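Two complexes, one shared chain (chain A), two partners (chain B, chain C).
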Partner chain A sequence: MTIAPKAPRKLTMKQRYEALTRDLDWEPSYVETSEVFPYTEFEGIKIHDWSKWEDPFRLTVDAYTKYQAEKDKRLYAVLDGFAQSQGHLSLTEASYLNAMKLFLQGVTPLEYQAHRNFAYLARHLNGPGPRFAALCQSIDEMRHTQTEIHTLSNYNKYYGGFHNYLEQHDRVWYLSVPKSFFDDALTAGPFEFLIAIGFSFEYLLTNLLFVPFMSGASFNGDLPTMTFGFSAQSDESRHMTLGLEAIKFLLEQDEANVPIVQAWIDKWFWRGYRVTALVAQMLDYMLPRKVMSWKEAFELYFEEQMLGGLFQDLAFYGITPPKHVEHAIAEKEVLSHQVYWTLYQFSHAAAFTTTFPDAEAQSWLSDNYPGTFDKLYKPLWDKEARNLEAGGRHFVRGLPQLCQVCQIPMLFTEPDDPTTICQRHSEYRGEKFQTCSDGCQWIFEREPEKYVQAWLPVHQIYQGNCGGPTVPDVLAWYGIQEGDGGEYKGSLDAAHWARWHDAADHSHIGSEA
Partner chain B sequence: MAVNSIGTYDFPSRSRQELYGDDQLVHVWFQENMWFCASACFRAPKAMTWGDFWNGLLVPYAEEDPDFDPGARRVWTLHGEVIEPRDDQTLEEIGVEHKDVIGMRVLA
Partner chain C sequence: MQYELRTQVIDPPRKTFDHLVKRYGDRPASRYEEGTIDIQAKENFHYRPLWDPEHEIYDEAFSAFRLTDPYSFTDPRQYYYAPYVTSRAAMADAVAATLDYLDSRDLLSRLPDAWSSVMGELLVPLRHYESGAQMVSCDIARFGFGTTITQCAAYAAFDRIGNAQALSRVGIALGGGTAELLGDAKTRWVEDASLQGLRRLVEELFLEKDWGKALVRLDVADRLVYSLFFAHLDDAAIDGGAGSYSLVAQHLSSWFADHRKWVDALYKAWVADPETGAANKGLLASSTAEALDAALEALRPVAARVDELVGAGAGASLESTATTIRETVAALTD
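Up next, the complex of A and B:
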């Protein structure tokens, strides 16, 4: 009697993951390992056993694509419904979209840069586990770029500020803040990038950088962005785990890695924290319906969860909380007010609008910042109210001094004195450089040869590299059009919004001249 | 500490003096006046007189403050020292170098 051959047994998920990663890896025999992976030694990080990298997700390509396709299907169904039902009219107010303009111009291009660098890690890390994890994250980041663009493109039909975000990311003064931050990470080695983006950006600060935009969307009727946020959330939790796994892996591999990693945490906490300045003002000033104050967000997501939780765990490896963290804590009472006051005065050169906070907004600020708003910032707005009554509107008539590292105008104050602008001076090869804080100065002096190359928008304008010497020349070069920036009241967005809400017949919407 | 890199790492500053010819960048730090959210940056010839710097660059910028009083008494600082610039002195004669910060405070 013959016995029929058994059908091949189906592999378990775990076996398939093993086959995909470990089983497809090999030791090079014709060339040295260092020739195949030339970038994993120069940073001084020592890895003895790449197989110790634990990927808690054990994704495979088919599982990954199936799951992502389902999420995309849900998102695109929401986008279609929102577009067809003129959903943009149910936002709290057109001015809410300033937050999304900032997101599309400042954050979406970073997703694409993250895609690029994770693709690079997917090739250049020695271990097959981290290579595959980086590959998945690289695809995630590309998907985020695409879905964010699709999600926000609907608003581009009706509102200013959305039409030229990519070129603006490369050119406009306030966008050089997120751009130069990410460029700094892209030009570092692979391990520093993992700590900079995988750990500091995606883990340490993600609840202060990414989540506030999505919560803002949910509080202000922006269903598409909220749905995108949910769609990205499961990826983000995977990215957070990758970031945490990366840092633990480096720390466990060799004790000599600890001081290197600590210095990167010190640097990238402060670099990332400075980028959150844009988020702080968005939460406290840009959202018509507030989610929570910056101070509250900082206390919950950073002080409680990170300093109180994560860094307690990392202490086991000899890692201490980041340098200069006490200055960030001290700034939570003043940060958003100083940044918005600055954006308010420079929004004639921005692709978003700003406006005077009305009585209700000021009362919220006063309640949420009892120690600082009434004393320090309300007097400024009172003076501006008199200015507005007299027919003025405060826009700065010139260009600000920028910090050589974070590239934010020099608006930050001394940690112990919120009325004195902080000026830090350094010299390198006989040239003077200014930074906005002890944190940025420390970063500059650690690697001055890197930061002397900074493409500071103000200096570039003065060198004649930005379209010409006048404000209209520069705005044209930025691709900023009438209706993109300036004061919100009386803007094209505000006028359209009022007209659309007054109109009984909405059939003409979007066909305005 | 220097940059860790895979090769020679030596690049010029993107804001070195020579890129501005006979001009230089000059920063003005408005002290004890929060109306100006940040310090200002001007491009000015090294041979520009203080009078021209004041009338041509600084006053038009500072006039944006409704309380600006051009005749108020001011304390000027440079390199941590108080200076008393005269209108006919050039920026170079006063000792202002590329990317210096001049502090400006109105006396009460």
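Up next, the complex of A and C:
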């Protein structure tokens, strides 16, 4: 019989966590370490001691599964109840769902991409601490992919625009904006991905990219999406702490890492900020009941919290606010208006609808953008009002030129002049490339060999790779059906909404033994 | 009798998403299907990976094993995230109940010495094997082709770290609530002659770039390891008066039975493919044979050490599992 150990020193929580996760690692001796981890050298990042990684959270597999299973049980109960009670009829208005169409088409596939690439980090980072944190995030991202699909699946049964979101993410012009953004991160090295997604996307910009959709849901009667948002919150806070730990770890490991990380922050701030252009117009124009203006969100979540908070802390490491941030600040008064005006005119080729902002919406815009709306954008809508009166809703029949980096149509204006379209030109291997801003041009010129590879939807249409030469050919290739896009008023969604509400007024609930 | 609750019924214009209608016809889809089928991006990738410009972001050329339609394979357990974590939460509860029981009755310190050595010297070091299996599974989750496959691999990776943690908790319990025995177990994993073959096998597996082959190689090693430690020795322990070994082993053995369901289903999908089936058969036969030779070489010293300690016929059991593996793969690929 074994003799009972004498006065055992019980493990602290931290020691226990380390014994259960990090201590699982060993130094290989039958093969070279550099062969086991072949991808952590080429970016130039120097890590001297992986054990200095501070675990951003201490969650063991048993605790994780119990906690997550409990959360999913509650979430799916809400989804089922909402579906059974025809909860979609209690939304503010069917047009609200345009925000969710954009979300399912543009954001959900990114969650999946994150799932796959965090699995890559969970294999290919040399340290066991960050590998385990990445593995948790990888399966969290699978959760978000699936809970988003399941949350929005019920709307797909009743409304247009949702039904072909996967193929559309790979093909449609405005969706190449988020797709190329994430492809850019996936094709970078593991450390750049950590800064691009772990830090910039999940921390720096999450309140501008992800959260506005959830807040919009709660203001517009979308109980399932709001519940999903709350349910994802504790996952997201783990992801944020991972992103923050990642950047601190890289900066503390070697001073030579600082300029590399700074350049990645500069790149990924602008890259992510350009994706928020789609969110900006959603907040200001797509939500029937507004949460806050883009300008207010930008000031609070970016200028105050990030520039005023985070970057003060990062200054300690010699990190400065991202390059071109002043252009983003200058744009906050004009961004959403310019983007929506473009989408309004191209929505016949989109899987969401747009509509003329009514008097109430315009007065809200005018109150929230006192410096710009009345002067610059109201005149456009006044002109469109006259078109509408004459029975001619305006759609652009041509194809826009796209920025080689962010892939948004060239609609942005010069930082100091909101009436002149900004166009930048660069040359690479004898060819000319257009970018929409100093930020995108700087990104292009840093890695032209990467950005010349971009699959630009408009070029591809011209080259005959998108179903055929005419607009109907391309729309068929996009899988866009009658009622998915175009004008909201008079659309299939609007007609259904009216009919179902009419029916609801006559319904009654009775109970009989 | 039941009461009749009247609710508003609206006939939905659509039953599910287009890609599922195309594949399965116009019927409502399950949550597994909506959350899994066709999710991996298919076309128009914008850039090539800086770290591997020969490949697309998702590329079937990451393995010699191919499916004409990757979604001809589906997980027989139909795990998407919610049922997966629910199932694992129940497993974790069961493991915790066992550990509490072992602790409350002080059962691990009452093990016969030889069985205590089997646990400390050989079973607890397997946490490093599990940790290696996690890394291999993560590679499959990233480089595999098609969400049905990679989703299984990602959950398997998480399972493996869970197994490693469960074995570590056994080690902590066996060490009287300290990490001392875990420290010893790690030294054994790195130094003990009996374990070096297995460690070498895992390290060499890290270098396997073909995710399909990595999956087969890991599976073959798993079948030998699990059959030896969690089936054969489970029985032998009960006979040898080491019931607490069996209490631990049951959890890993039931996890493994659940895990192998998808691996087996994938093998079947590989060999049944109307276009790539013949090539897959050849690959599966040759990869299994090669992997089996290597895994047997790695595990024979482990079995020999078990037999030195408890004389449980471990060596013979190992060879008999190998025969079973040969027979099943022959039945699949002939």
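In this text, the second predicted complex is superposed on the first by the 487 of 513 C-alpha atoms of A that agree within 3 Å, B and C clash if a C-alpha of one lies under 4 Å from a C-alpha of the other, contacts with A are read in each partner's own complex, and residues count from 1 in each chain.
Definition applied: contacts are C-beta pairs under 8 Å (C-beta built on N, C-alpha and C of every residue); 3 or more make two chains touch, one makes a residue touch a chain.
All of these numbers come straight from a predicted model, not from anything done at the bench.
Of the two partner chains placed by the overlay, chain B and chain C both lie in contact with A:Gly189. Applying the stated contact rule after C-alpha superposition, one finds that A:Glu35 touches chain C and leaves chain B untouched.
Applying the stated contact rule after C-alpha superposition, one finds that A:Gly318 touches neither chain B nor chain C. Of the two partner chains placed around the shared chain by superposition, chain B and chain C are both touched by A:Ala454. Look at A:Gly468: by the touch rule set out above, it reaches neither chain B nor chain C. Here chain B and chain C are compared by how many residues of chain A each touches, and C touches more.
Looking at the shared chain after the overlay, A:His115 reaches chain C, while chain B stays out of its contact range. Once the two complexes are overlaid on the shared chain, A:Ile149 sits against chain C while remaining clear of chain B.
Within the superposed three-chain model, A:Asp72 lies in touch with chain C and out of touch with chain B [touch as defined at top]. By the touch criterion defined above, A:Gly81 lies against neither chain B nor chain C after alignment on the C-alpha atoms of chain A.
Residue overlap on chain A between the chain B contacts of one complex and the chain C contacts of the other covers 38-39, 42, 189, 450, 453-455.
Per the touch definition, chain C reaches chain A in the complex via residues 1, 3-8, 10, 12-19, 31, 34-36, 38-51, 57-58, 80-82, 85-86, 88-89, 91-93, 95-96, 106, 109-113, 116, 127-128, 130-131, 134-135, 138-139, 141-142, 147, 150-151, 154-155, 157-158, 161-162, 164-166, 168-169, 172, 175-179, 182, 186, 189-190, 199-200, 203-204, 206-207.
Within the complex formed with chain B, the chain A residues making contact are 38-39, 42-44, 189, 338, 341-342, 345, 376, 380, 383, 386-387, 390, 392, 394-402, 409-411, 419-421, 423, 425, 428-429, 431-434, 446-447, 449-450, 452-456, 458-459, 462-463. Across the complex, chain C is touched by residues 1-5, 8-11, 15-16, 19-21, 23-31, 35-36, 38-39, 42, 60-62, 64-66, 68-70, 72-73, 76, 84-86, 89, 109, 112-113, 115-117, 119-120, 122-123, 128, 131-132, 135, 138-139, 142-143, 145-147, 149-150, 153, 156-158, 162-167, 169-171, 176, 179-180, 183-184, 186-189, 450-451, 453-455, 460, 479, 496, 500, 503-504, 507-513 of chain A. The touching residues of chain B, when paired with chain A in their complex, are 1-6, 9-17, 19-20, 25, 27, 29-32, 34-43, 57, 60-61, 63-64, 66-67, 97-101.
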